[in-house]
Every structure is written in structure tokens, then in C-alpha cells.
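Common to both upcoming complexes is chain A, partnered first by chain B, then by chain C.
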Partner chain A sequence: MPYDVTFERLETQALHDLKGPREALAAWAGDALPPFPDQPNTKTEAGGATLMFIGPDHWLLRADLTREGTLDAALRPAEAPPEISLVRVSDTLAWFRITGPDAAEVMAVACPMDLHTSRFGPDGAGFTEAFGLKALVTRCADGFDLAVEQSFGPMVADYLTRVIS
Partner chain B sequence: MAAGNRLAAGGRIDRSKPLHFTFNGKAYTGFQGDTLASALLANGVRLTARSFKYHRPRGIVGAGVEEPATLVELMGDDASGNRPATTVPLTEGLAAKAVNCWPSLAFDIGAVNQLASRFIPAGFYYKTFKWPNWHLYERPIRKAAGLAAAPSEPPSKGHYETRYGHCDVLIAGAGPAGLMAALTVARAGLRVMIADEGCEAGGSLLSRRLTIGGTDAMEWVDATFAELNAMPNVTHLQNATVWGYREHNYLMVTERAPANPSLLERTWRVRAGHVITATGAIERGLVFGNNDRPGVMLASAVQAYVNRYGVAPGKRAVIFTNNNSAYAVAADLAAAGVEVRAIADSRDAVPDEARAIVPGIEIMAGKCVTEAQGTRQIRSVAVAAKTGGSARILSCDLLAMSGGWNPTVHLWSQSRSTLRYDDPLATFLPDTPAQPISAAGAANGALTLQDALRSGAEAAAQIAGTTPPDIPDAPDLPYAMEPLWRVETAKGKAFLDLQNDVTVDDIHLALREGYSNVEHVKRYTTGGMGFDQGKTGNINIIGTVALAQGLAMDQVGTTTFRAPYTPVSFGAIGGLREETVALPYRHTPITEWNLAQGAFMYEAGARWRRPGYFPRAGEGLQEATNRECRAVRFGVGVYDGSPLGTFELKGRDVGRFLDYLYSNVMSSLKPGNGRYGLMLSDDGLIMDDGVCFRLDDHRWIVSTSTGHADAINGHMEEMLQTRFPEWNVFITTVTSQWNNATICGPKAREVMAALGTDIDLSPEAFPFMTVRDGTVAGLPARVVRVSFTGELSFEVNVAPRHMRALWAKVMEAGAPFGILPVGSEASHVLRVEKGFLSLGHEVDGTVDAYDLGMGWAMSKKKSDYLGKRAVQIRREGAAPRRELVGVIPEPDRQIPEGAPLTPGGRREKTEGFVTACVWSVVHERWVGLALLEGGHARHGETAHVRLKGGEVIPVRVTAPCHYDPDGDKLRS
Partner chain C sequence: MMQIPCPFCGPRNESEFSFGGPVKPPRPDPSAVSDEDWTAWLTQVPNPLGPVQEQWWHVRGCGTWLTIWRDTRTHDIVEAPDGGR
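Up next is the complex of A and B:
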């Protein structure tokens, strides 16, 4: 096989888009959130959830889909004060996991961001491009998770199949 | 010497691995490590090409990417056109043929052009093929133009790839300077990428007999790479050309033989912190009569064939030079057993160190070759004093010429960094960098080995912030030269650009005709164009222009260096983007179901692939569309409305933000209610139409058209970030968080009831333009009462994970009511019947709301909103407006969309056009919409469509709405 990698499309992930001042979000969400990452384009993990710092006053909370209801109940999006925004966006992204010794090589085909460990460490998480599409990239054990707008899922699967074939 | 022109020993070829190949159908043998050019020379093949314009016989001139003469077409699995033979690695079974000759290379009919050459100088076709009409000549000229054809089929195996790369330092070139630079920065711990275009690293060291640190220079190369390749911070790309240099140190590198066996070629898009161009130098030719005859070669190429490939390109050689470097070539030829008749040196004084390395070889100082003699192969040369006088004829079968060296500044110049002319070297050198870039080695004018090594180390040390390492001893002949731009000659054409058959006379003609700027000279004569981009000839063209105009070289300047530095396959640029991924495409979860139903799919904006219609056996587009329309008008249909852009807006200021974006008032909406609105641009034209629903005090849902969703998202963010940064508004895209099945038609409520829902569906409890959250078919859903078809509609929104289940249940529950899936074609018909606008049809970038009869959507209450002032100003003008009307073709027939309306159908300035024309299942006739000047006041009149060809179709002008003008059905 040209590239020693495997990829799989992950099940839908529980995702919440969080916007607003960090202090206000922390005050509203309480223990429902992992600690806020200090650096942009990084993530923190706690209690099975991952909090990604993806833009100014902008975070993405990720967990297994089984926790979606629990997180919804804790975050109470419809009741949140106007200075913050919490929106469930679990279905907006299609997730792919690319793992193996050549995962970085395959990612380099897809993605213009520098994913070298010196630039994009184990806590790396950020939006970039993949195959010309807006994409979220994070590190996972032995590889990367790549997420694109859900409707582009079939196309990215097509692309990845072509890369590794 | 061995058989043919192959030397008995020497070279970097593997003589244990013979390779068989054909050229023009004839079989030959070479060795692993040969190029096609070296193998042809080894086999004594001298005539290898015909020239582009005059079809003059040509041979191999260079040994690398500078080759201007011998282009070949490769066949079979290697099929590709116009490859310089010098850059084609020899492989077993390689099949190549010459281009631009017919019926054969030896007997080429096109050579008749030589007889007419005085009548076809530069630019002749610009002047000649004008009367009576260029198109009379176009076809035969197109047929005659060009060289090899592109392969008719893509490669049968493997694929191309593009990828990204990042490094602290990218080094272009793995010659002595590049390697020294790589060592220096790599040892400092920087991430280094070194790319070299040769099949083998070493650059000029591969062709020269030099030592570094007292050992063979190639041993130093091997040791250096052993060290580099052991470092994890080094990426080494061999047989990889850095061919493009863009802004922000973004460079293109194409590997021609990636290690990955499934890849044909791979292009790296590299973002480098710093770039070092260690790209060496290219030798330039000399300009004299018949300087294109087979056997006239660059001296450096001759040296490469002798030392690297073990080939003697001739048996009796003359050297013609204006500099020292050719003396080493003479010495190498003599050492290989080739008779060197003489060295004609245009300089009056030849340095002693040059003389010292060619003992026993006659040196003709102050002499020039004025003419090469022979047609298909050089037989002799005429040598005369530089100042003129009688010539001495020297018989020979090889003329090795060296006009000096041009630093390879292509990448440097592509980076928009400047050049300066250097008098001692008589060439252009890197000057002021425009990006983080350094030049090193011969590419920076360091033309001896020791200088090149030092130059590479110093450039790298400066980047790394370290002290340059010690430079090993590397003895080399000092470089000294005197420019010689051309030799006055009375006989034979003196070529400046061999590839495009551009002569000194052509340049003079261009100058006489007023093309005095060097860029104009290039365009008029084609000098410096083509595959080699004038690598050997450009400087001589500049010199010729300078001489003719009495200017200094820097006053003439260079033409612009552009990417690619060498030809690149289209495949290597496109990479994986072919077939199904040539363009982005988007799917909803229902795509598979649609395909299973035989839907005809196509793009429906923003790269969404949607069903156009669902044909049944024997049905065409019209029949299927009619059937689907009837279902919606008289029963029930369902369509997948998921691609509509959807945004959730949150914050205290959302209401006034929407009031600014939309032309009507949104802030007055109560929770659970929605409103249709128009979004205008700064200039008051319609940008988008959509609906806003208020979920609660601070949360809203905004729905946009499919095709404009991304643009509107950007527009909203821009407004928010640039005009109202202090406003409390958050925008979240939820287009893909909600999929929807829109159930529409008189029986829609019955289907909804059959699905089962906890929402009260009565028109009183759930009226038009309201939203309700609840469950439908047991699934959590948000149901919206909007209508794009003019019928009672329920837009059932669910999470995409539930969409397939919802769809299946809708089809099941709707089956008793005859529900049908509806495609985009039927949606189009239904909205035309209703007179609903469509972006791209009625909204064409020129109309405002009043033109569309939607003045009601322009708020009179709001003090301001985007586009308001622009609309006011425009409507205060007296210019007639094209206004939306309905049209009924009389007689009943279809009118092409876009067909112009002209006064009385006469051939006059148009007064509008038909935006849509569809078969109405309600009226059972063709109906349409049009934008017509003063249309609102012309209802009842007859207007006229004028088709291409003059056919005129009368149309009755009506109100735009052809169906249910009061909206009773959609509110039902």
C-alpha cells in the first residue's frame, strides 16, 4: 500500500458551538466544560469532553454522541443569557479519523496547515482546509481527526480513498 | 574508445545494466544512468530534431533543462509530448520519436521553409494573414503549429498527487552551494527541505573532474547526503524541480519520480521560512553563422557527456569560447581521447592558468568561429580574427562553445526580487530580495567551486544565526571572461534562440519596426518563449538589442521570469482533482434514495447535487416534471430542502441587525413568527431573499437561498465586524444541523397528520409563516410553515442523523395520498406559476424591489437600512426600468429563457428579456416571466420576443402571478 494509513468515518459527534466571553461561558456552563485552553488552536480534555479554542471568543465542545443529551441539559442553550451563544451543531460536521505511520503524509495531501509536531502539538486543534474545504483538524492517538461540513462527507471519503489507493 | 561514441570507461552509468530503446522506430542500446540524449550520442545519432519554423536539422545542444533543440515525443506507457531529450532518463523499452517533421526526420517536407526563409521573418504572420480574413488561414495554421501532440489517453496506471510541505529553509539545488547550505542549516537544527532537479545530486560536480577536501568531489557529495539523510529535520527531494515562486515564500516543487510507487508525479506546495536559491548557472551559446548545426554544442554539455555519461560527442573537436571554463572541457576531451583541434578564444589575452591545463592544444587568441559548415552534421568551422579578415577552416565533427555563464536567477526573479547587471561577469545577478530569500553559489555569481561552497555556507549561516563552517579545499580554475554577444558573419543564419528559430536579423527587424522594449522584442520575435524559455539565448538577445541600440545591458534589462521554470505536467498541477472530485460536491442524506429512484441529479447551487426530476420508464424531463407538478398542485409532493442556507443568530441586537440587513422590518416579529424579506447590497440591488423566524427574545433563525448561503454568511460577518462591532450578535451556521423534508400540496396537512405529530396542525393554531418545535413521526423536529410552491406546505426540519428515517416515513405516510418526490425542475415551474422571484433569473443584479413589484418589502418606517439610499437615488432618476411581468406566449409555445424582447419584434435595442418560461399544469399552456421596460404599466399589452434568426413571438403581458394571486392556498 502506498501510504501506511487507515481512515474511517466516525459516527456523529456531540458538538456545541460556544461563543462569547470566556468568563461568561464558564460561569454559565460550570463543570460541564473542560478547562478553557489558553492558546488558540489548542484543546483541553476532561470528563470525556474536549474543548477546542477555534477563534476569538469562540470554542467548540466535542464529546461522544451518547453525551449529547447530558451536555444539552447542562448547557441549556435556549436559556443562556444573550451575552453568550451556545448552539448544538453535532450534525454539521462529518468526522474522519486518519491513523497510521503515514497519517501525517496523507494529511499533507489534504491540508495546507503545518502539522509538524513542533507546530501542531498533541493538543492541536484548529480550523484550516482539507481538499480545499473548510476543515477542523485535531490530533488523536496515532493520527489525526479531520472534520468537514457534513454535506461534503462523501466527497472527502472519495478523496481519502484516492489518496491511499 | 568503445564501440560507437561510448568511451571504454568512466561516467556514472551502470554498464552492467544495458537498456534497449527506440528512436524514430530504430532500436538502440544504452545503459542505466543514461539520458535519452546521452544514449543517442553514444550511438552516434547526430540528427535528432527539426527546428520549429524553418525545419532546419538540429542535434543535441545541451545536457539538461537548458536544451533548446531536441524535443521528443515519448510513446507507450511514458506517453508525453515535447520532452527535451536531455531530461528523459533512459528506461528499458523507452520509445521516442522526433517532433515537427514529416514524413521523417531525415526527409522532412517542412524543410522547404528554408528556401522561403527570407520571406518569413519574425512577425510575418502578423502582417500576412490578415486579408481578407484571418479565419481563412486559421485552420491550416493551427494544424501546422505546435510540436508533439498531447497524449490521447491519460496514463494507464498510477495517479498524480499534490501535497503541502513546510520548512524553515528550502534550498533549491543540490550542487556544491546547496549542499553546503543544507549542511549548515540542518546542523543548526532547522527544518530543511532540499530539492534538486537532477536524477542525481551533485549539480555541476557530476560533470566536472574536481576534488573537495582532497578527494573526488562526488565522494564529498555522497558523504554530505549521508549526513543529511540521517537527520530527521531534513527532507530531500531528488529529481524534483522548484519551478514556481509565489508570494509569502510559497513555492512549487514537482517530483518526477516519487518513491511512492502509485504516484506518477507529485507536486509539493511548500511554505518556507527562508529560501536559498542554489540553482547554479547555465552556459550560454555563441552567435555566429549556422550556429545551430548538429554537432554544435554547449561546452558544458560536452563535458557532461564525457565525464558523466562516458560518451564522446565527437571525434575531432574545436572549442570556441570567451572565458576560462571551456579550457577544462578541452582538457577533459583530450583526456578522453578526443582530438581537440584548437581553442578559438575571442579574448586577445588568455590567462596563463587556462593555458596551463591544455598543454599541446592550439589556442587561437582573439579569434572567433564565424561559421559552422555542414548541413546535417558539422564538418568544419571557419575561424577568423575578431576584427575580421580571412578565415581558417578547421575540419571537425564537434564544436564546443561557451559564451560565458548566466546565474540561474529564475526563482530569484519570480520572487519579485531584483537583478543587477554585473560587468565583470557580463550577466545579471541577484540584487535586492523581495521576500526572505538568499542566492548562493553560481546562482549568485560564485562561479568557482571554492566560492560556491563558501557562498552556500555563508548564506545558510546567516539564516541560522551561526558561524559559517570551515570550507574544505576545492581547487578550481578561476573564472574570467569577456562578453561576446555575437560574431559578425556574412554566411548562414546566426541564431539567438534555437527553439524558436529567432536570428540576429529577426531582432534587428523588430527594432526597425519600433519594438524597442525588450518585452516587445520578445513578443514580436518569440525569442525567449517556448519550452526552454530562452535559458541559453535570452542574454544574447539582450546583448544584441543593446549593441543595436547603443545601450548598456542594464538599460535594456531582462524580460520577466515567470513560472514554471521548466515544463510541468498538467497532471502534476491538478493532482488528485479528477473524475468525481474534479469539483467539490455536496450531498444530503437523501442522495442515495434519490439515486435509487432514478433521479436525474445535477448541481443546484453552492455545489449541492440535487435531483432535477425523477423520470419513470419512458418519461423525459417534461413528462416527469409535469407529473411532479400535478402532484403538488392537486395532491401532495415532498422535496428535500436541506441545502437552504440556515443560520442561528443570538444576542440582544439581532433585531436591529436584521432590520439593517433586510429592507423590511424584522425586529417587530413575535417569538414563533417569521417574515419573508429582501437583503439588499450597498448599491440597493437585491442580494438575496429569505425568511427570518424569531425563536425567542434573543434567538432567531435566518434562512437564505442555497446558492448564496456562504456569501450571505460572509456578508453578515462583515457587517457585524466592520460596521457594528459593538453590537451583541452571534452568528452560527446551522445549514447542516437541520435537514428538511418539505411536504407541499393540498393534502400536505393530511400527510402530516398521518405521520403523527404533537403539533397542532390547524391553520388557526399553526398559521402561515410560523414555526413550531415538536415531534413528527416520533422524531424531534422543527416545523415551519413557509411555501415556495404556492401551496400549503410544512417544512419538517430534523437533524441529518434522522433525515433518512423521516424521509422514509413521509413516503410511507404519504403513499395513500399519492405523494411524489419533487425535483428542482418542478420547483422551478411551481414558483414561476406563482410569480416568485428566483436569484439568477428575475434577480439578475440589475433590479430592485420596486422593479419586481415588491415595493411593499421596502420599509417606510425604518430610518435606514442597507441599500435604502441607493434605491432612492436610483428611483429619482428618469431612466426607464425593467419591471417584472408575466408573459403568455401567443401562440402557445415555449420561449427560451433569456430570449430578448424588442419593440414590435424589430431588430432594435432590447426592452427586456424572458426570465423563465414553463409548461403550467394549472393552465395547461406555456407561461412565463419577463423583465420588461415599464412593464408594470403594460399589463394587457402585447410585447414581442425576437429570437436569434429573426423569428418573432408575440406575448401577452400580464401580472407576474399566474396562480392563486391572493395566496389563499399557501395560507390554507
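Up next is the complex of A and C:
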């Protein structure tokens, strides 16, 4: 029986990889960033941007592609102090949005991580595996967003098509 | 399949990790040990029947390197990175 889900490949997202002490990043970026998430593998959202806490001293800033230039100008990567790193990585990930009543079932096929709401809440965001690939998983309205390395995009699109049909 | 306790992410599937090998004893001074001992340090890998200290890399997760004690007979993780069990 097919799953009651739909998936779409999202357009490229504006992404900035942020590394370094939280205090130093906050001091450098100022109001350009949403508040820093406190818990590992969670996210915060503000002003159309999402900040994901994906590793020790490691965050990923996500926004619509139209905001990439604005964020670049605000973050000034080339002028950043040496204790922090800000790198634009928008082109590295292919994004998929999986929504519908059975979205969690499809994600359970793809991903070994426990994605029940009790363990991976509405603010959940982190790297794990999907279809054996390193993947960023985060919740969205009525489902999940999934991002894999750009070159695996067509393959994951094919996998998702097979899973839901 | 093992569940490996990542200090950042919590318990995660073994498939998210890459094995980094057993923890070797500290590197001896080559000029202060015998050739036999030096060769042993270079070439022999700890492979006990029982607990062994290993390094793992959370390569498909947060990128943390961690050290655990794993029992080679049962795959039980007998000591987690934070010293817990």
C-alpha cells in the first residue's frame, strides 16, 4: 500500500556554516543571527532565518536564497576574526520536503534516528543518515526537510519516488 | 547493530560512525626501548578477548571523535565517553 505523502525538491537554500565559540560568533554577527539554540540538534528561527546547532561549536544558518547576499553582507566572512569561521555553503546541499500523514513512516524507512516527537521535537535539526548517506534532517510543517550532498540529489529523489509508490 | 553514545547527540546507530581503531599505548621513545618493543608498538594492534578501548568518529552526525570501551565478546559498550556505562 503506498504511503500517503508527497515530496518535493526545494530550491537551493542560503546556507552559512558557522564554527567557533558561541560568544565570539554572537559578538561578530550581532542581530544577523537568530538566538543561539541551547540544546544540541535543535534550531531557532527569527526574521526568516533558521539557526541549527549541529555540532560542538558548530552551527548552520539557513534562509531563503534571496537572502544570501544580505546575510553575506551582515556576516562579512572575509573579515571575520581568526577564532571563528563563517563559510557560505549554499551549493553543497540538495533539499527535499516530505509532507503528509505518513511522512514519519517514510522517514523511518530512510533514517535510523528516532524521529518520534518525544525525541525529535518541532525544533529538532541535526545530521544523521538517510538512505545510507549523511543527511541533515529537520522538521517542517506537516513533515520533514531532508538535505543531502548536492551530487546525491537525483539519487535521493529516485529513492523517495520508489518509497512512496 | 550497536548504539554508540555520542557526547553531543546522544545514542546513535553504529552506521553513523566510522571506526577509528583501538587506542594504542603512548608512543615510546624509539631510542629508549628495544627494537622488539618498538616494532611491537608500530605493528601490533590491541585485540583482547574482552573490553578494548576504541576511537570512533561520528562522521555522519556531529563530527565528534569519541572514545569508548567495548567488550569484544558481546559488543556491549562497557564505558561511554563520559565515563558512564
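To be clear about the criterion, the second predicted complex is superposed on the first by the 164 of 165 C-alpha atoms of A that agree within 3 Å, B and C clash if a C-alpha of one lies under 4 Å from a C-alpha of the other, contacts with A are read in each partner's own complex, and residues count from 1 in each chain.
One rule holds for everything that comes next: a residue touches a chain if its C-beta (ideal position, glycine included) is under 8 Å from a C-beta of that chain, and two chains touch if they have at least 3 such contacts.
Remember, predicted model here, so these are calculated numbers, not experimental data.
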Practice task
Scan A:Phe152 for contacts with chain B and chain C and give back first, second, both or neither.
Solution key: first
Exercise for the section: Check the residue A:Arg97 against both partner chains and state whether it touches chain B (first), chain C (second), both, or neither. Expected result: neither
Exercise for the section: Check whether A:Arg67 is in contact with chain B, with chain C, with both or with neither, and answer first, second, both or neither. Expected result: neither
Handout entry: Touching partner for A:Pro56 - first (chain B), second (chain C), both, neither
Key = second
Exercise for the section: Using the superposition on chain A described above, determine whether A:Phe127 touches chain B (first), chain C (second), both, or neither. Expected result: second
Problem - Partner chain(s) touched by A:Asn41 [first = chain B, second = chain C, both, neither] - result: second
Practice task
With the two complexes superposed on chain A, say which partner A:Arg88 touches: chain B (first), chain C (second), both, or neither.
Solution key: first
Handout entry: chain B versus chain C as contact partner of A:Pro112, first or second or both or neither
Key = both
Practice task
Return first, second, both or neither, reflecting whether A:Arg22 touches chain B, chain C, both chains, or no partner chain.
Solution key: neither
Completion exercise
Interface residues of chain A shared by chain B and chain C, listed 112-113, 132-133
Completion exercise
In the complex, the residues of chain A that touch chain B are 2-3, 12, 17, 19-20, 78, 82-85, 87-93, 105, 108-109, 111-114, 116, 118-119, 131-133, 149-155, 158-159, 162-163, 165
Handout entry: Residues on chain A engaged by chain C in the complex (per definition of touch)
Key = 40-41, 54-56, 58, 112-113, 126-129, 132-135
Completion exercise
So, in the complex, the side of chain C touching chain A is made of residues 8-10, 12-13, 15-16, 59-64
Practice task
Going by the contact rule at the top, pick out the chain B residues touching chain A in the complex.
Solution key: 159, 161-166, 191, 260-263, 269, 271, 575-576, 580-581, 584-588, 591, 608, 642-643, 648, 650-652, 695-699, 728, 730, 732-737, 799-801
